[in-house]
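There are structures below to look over.
You will see chain A twice below: alongside chain B first, and alongside chain C after that.
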Partner chain A sequence: MPVTLRYPFTELEAPPEYRGLPHIDPKLCIGCGACVNACPPDAILRIDDYDRGTRKIVLDIGRCIRCARCEEVCPTGAIRLTNLFEAASPDRRDHIEVVELRLVRCKVCGNYTDFTERQVKKALQILPKEILEEEALEEKVFICRNCRRKGTVDATINATKEVVL
Partner chain B sequence: MSAKPKLRSVWVFHLNTGACNGCDIEILDILTPFYDAERLGVKLVGSPRHAHAMLVTGPLTRQCYHGAKKAIKAMPPKPRIIVVIGTCACSGGIFYNGYPIYRRPESGREGCEYPRRGGIIELIEDLRDEGEYVGPVIYIPGCPPRPEEILYGIAQLLGLVEKKLEGEHYTEEVGFELPEAPINERIRLTLREKLRHVVGYFDRDKILEDFMELVKKAEESEKPKEELKKLIDEYNAKIRDVRISFCMRLLENEYWRVRDALSAGKEFVYWV
Partner chain C sequence: MKYLEELKAKFGERIEEIKQLAHNQWLITVDKDILHEVVVYFLKHPEWKETQLSTMVGTDERPLRGKFSVTYWLSVNGNSDDVYIGIKAYLPADDPRFKSVTPLHKGANWYEREVQDLLGIIPEGHPDPRKLVLPDDWPSCVYPLRKDFHYSDSPQGEKYYPYREPPQGTTVHPIGPYHVALDEPAHFRLYVKGEEIIDCDYRGFYSHRGIEKISESRLTYDQICFIAERICGICGFTHSTAYCQAVEAAGEIEVPERALYIRTIMLELERLHSHLLWIGVACHLTGFDTGFMHAWRLREHVMWLCERLTGNRKTYGINLVGGVRRDFLDYRKEMIEDVLKKLKSEFGKLVDDLTSTKTFIKRCEGVGVLPYKLAHEWSVDGPLGRGSGRDFDVRRDHPYAAYGDLDFKVPVYKEGDVLARALVRIEETWESIWIIEQALDQLPGGDILAEYKEIPPYREAIGTTEAPRGENVHYVMTGPGNTVYRYRARAATYNNLPAVPDMLRGYTIADAPLIIASIDPCYSCTERVQIVDIESGKVRILKEEEFNKLSIKASRRV
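Take a look at the complex of A and B:
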């Protein structure tokens, strides 16, 4: 009985628990960067472009060691390890997946902030509705760090003035 | 590979440039009768002088650099194919920023370039700068790649199969989905984090999904606490797996802890 696998001439599926190529589902990814922080060999990158107002999450399968730490930390389940394994290619650019998301524009100064619109939507989903009012949130969420800090400092200075006078 | 070379039987030489041996063992695997790369005409030879192709593994350490250079230069001037096996050789892999890894000065170590740099490509570019001919390169990522994956790469080199992967670029146009879980999203994430302490990534979402189904049923009843306990007992009796039963009990405790705190109006509930 021949034992040899007929493989390259037939289709073959890896077992379901096989840790194969990771893939980001662009519909689910919110661009939070949790996977970027978790990835041991830096196979995932977060590249912010504040001029164009985009954030790129770049996954390079050619650097990935299939450890599934990204899948473990992803809050939305966007990145998953598939059981595909046929990644061989003569061109390294075939190993790249880019998900490009829009950043939030600050309501006060008009610059781009360092979080994406999808991140805000996800955060609003998590926040308990009973504790915070919707309208107050709408005003505060879409403001960049600098403007928020400035707002706090201004408020403090005004408050101090009132006390001094 | 612009013009696909017509290859019949490739003789290969195996070169380790500092690999952890994982990839090398997979290369041994494809020579066993089960995978049998020799039926594709691949033959392992003992000297680079006889080889058409070099099977390279490893992240290219400084120690190996000159040896590897000599070995590639010793190959016949054509076709000098490089079969890059493993994530390490493709891009430096898990060792990419280690101190003994060779990098061309302009490659950088902490950059945001992509495709990621590192591995044997650094040596190939050095050789090309010196005017040496280096033939087609095929990358087979994986840590280590399955033997099937290596076979697939070699078959692709020989022109037997086509490549399946393409670079992908998505923008906002694909649309956004924010799936709603049957329970409060905040509680769900807390439970998910808790579960991470006891089960691996693979079973976690399945267990949590089952648990949320039970919670949904229990919350509809009059006395959710007793009902959930009963439902979980039934579930455990059916599944008959102590590991999953343990997870269910853990989730039950955690669920009531977080939910009671939230309903009592506490704004911060510690995660773990």
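Take a look at the complex of A and C:
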């Protein structure tokens, strides 16, 4: 039984189990960066721009080794390995996929925080409804780390003062 | 272990510490002046016939205790105990020297040259202290595996390599660096008189990729599995298994039984396709191209099967520390059975054709003989060792994965020629098919991946597997914060290749490619260590350069 195929003169489809080119679904990506941490060859980068208030998740399939660790760790199933395998292109830029997301702007100081709006939305979604206090959330969630820390410290100091007085 | 008492009696107080690392691994710390004596004592122990120098690790432990260390790892094979012994000595940071073992045991030659290259630890009395691993233009006194060397540095030096002077009355006949037998680089300088090979010099390590340094510098435990798999293009899965076993031993992680069986099946499938590949190459080199085509045709079915089972033809990527990532579902189990059935009938036919082809037999018989004594001296392993009468096999002597539960034979031939190696591989292929059948039958249920929390830092352990080419040994010293402090991978060819000059001597140039190929050399396996190749970032569009820079920056952050 011969095993030689007429590829590339005929179409070739990889089996369903095949780990092919990765692809990020921009609608699902929340920009948490779990894939960035898991990726062995640094094929995915997370680039934050605090002036413009954006986070870019940049995927370079030229560096990708198709290990599918990103697919395993993605909390929303946004990044998937397709079963496509033909990556050849005359332009290197064709290998790069960018997802741009908005960062949360701090309600207190007005600087951009280091998490995205979608991350907050996702976190709110998966938190059990019983422990949510809508009003308290509005105040606490959209604040950057520094302001939140400052707020906690101020509150503690005030509380101590009250106790002392 | 009873032998330790003997050792204590012989060397007394100069043995500083004896420690058990894992159920079959012992670490003996000795004074650096008697290091070579203890190593040779074990290597020539009368009760351990097939003791073998498995690997040697030099470590820059200056950040930990202000000293360098070297550890010789010996595996006790054959019908003796299931034991690995590490013999360790600490060397002072300002003058790291130790007495070379090479004059007493040839097999230590490359290991000692490697620590000299990469760590600047000098083996005193080494008969051939030339450069081994580093490129010709690497400056002297820069040691990449020291902890104060950053992995992305790339110093420039002058190009120089001292080849051996040809013996009197001979001509130099270079083979390589391109395409020596297999499509990988290595340079053999044959010194010939007419057609006859008088002597041979070797220069390799052209496909040096810096895997050890990069693993120690910027990867986490789970990420190393994938780079370990890429050490070799043929037998990558055994490398990642060996690495995982080393970490699992160091971190005392218990792997679920089903994962062990899945690993076993994948390891044997890998051996199947590797041996079929080798049989094909051997046919090709003896001018029997029909055999080559048939062997590779059969191999393709195994490759397709692996693609269905794991998601890729070759780099399976299913190993993680603690188990495997993909389960065998029932429909995939049936696929394995189908392929094995096909293979059994067709491989039988191929072997019949092969052994009844006179040209093949004539080219292989009595060629490239490696006698038992030399095989022992060079510490060769795998089918090369078994073809020369060394009766050992990691799967049998130090059972790992699920091999302890399975039944198989270890073929051994005494002739030591190319034909013996071919026959060993053919028989091993049959055994592999038999092992997969058993493992499939006995495949237990349950989890496939064990979770682990934190691995305590500065623990040492080794993991070994029987790759298609011989013993793979991976040494791991765990480090703080989910990283490895020292990682050392030793592929089978690392022990086998130094013996090639002895096999070539006295044969003709026409036989040289076949003899070299008969050890099934895997150069990229052998040459893994050291510096990351940042050359690839030089040419290309700005976009990519930026990207590389960013990723280097990103990894420094990690």
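Simple rule for what comes next: the second predicted complex is superposed on the first by the 160 of 165 C-alpha atoms of A that agree within 3 Å, B and C clash if a C-alpha of one lies under 4 Å from a C-alpha of the other, contacts with A are read in each partner's own complex, and residues count from 1 in each chain.
We take it that a contact is a pair of C-beta atoms (placed from the backbone, for glycine too) under 8 Å apart; a residue touches a chain by one contact, two chains touch by 3 or more.
Model, not experiment: these values are computed from the prediction.
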item	value
First, second, both or neither for A:A155, with chain B first and chain C second	neither
Touching partner for A:V108 - first (chain B), second (chain C), both, neither	neither
If touched residues of chain A are counted for chain B and for chain C, the larger one	B
First, second, both or neither for A:E71, with chain B first and chain C second	first
First, second, both or neither for A:D42, with chain B first and chain C second	both
Partner chain in contact with A:R63 - chain B first, chain C second, else both or neither	both
Chain B versus chain C as contact partner of A:P15, first or second or both or neither	second
Chain B versus chain C as contact partner of A:V98, first or second or both or neither	first
Shared contact residues on chain A - chain B and chain C	3, 14, 17-18, 40-42, 45, 47, 58, 60, 62-63, 65-66, 68, 72, 92-93, 96
Contact footprint of chain B on chain A as seen in their complex	3-5, 7-9, 12, 14, 17-18, 26-28, 40-43, 45, 47, 58, 60-66, 68, 71-72, 75-77, 84-102, 118, 121-122, 125-128, 130-131
Contact set on chain C toward chain A in their complex	219, 222-224, 226-227, 230, 297, 300-301, 307-312, 315, 317, 325, 540-541, 543-544, 547, 550-551, 554-555
Residues of chain A that touch chain C when the two form their complex	1-3, 14-15, 17-19, 36, 38, 40-42, 45, 47, 58, 60, 62-63, 65-69, 72, 92-93, 96
Footprint of chain A on chain B - complex, ascending	1, 33-36, 39-40, 87, 90-94, 96-97, 112, 114-116, 118, 121, 136-143, 145-146, 148-156, 160-161, 163-172, 174-179, 184-186, 189, 196, 201-202, 204-205, 262, 265, 267
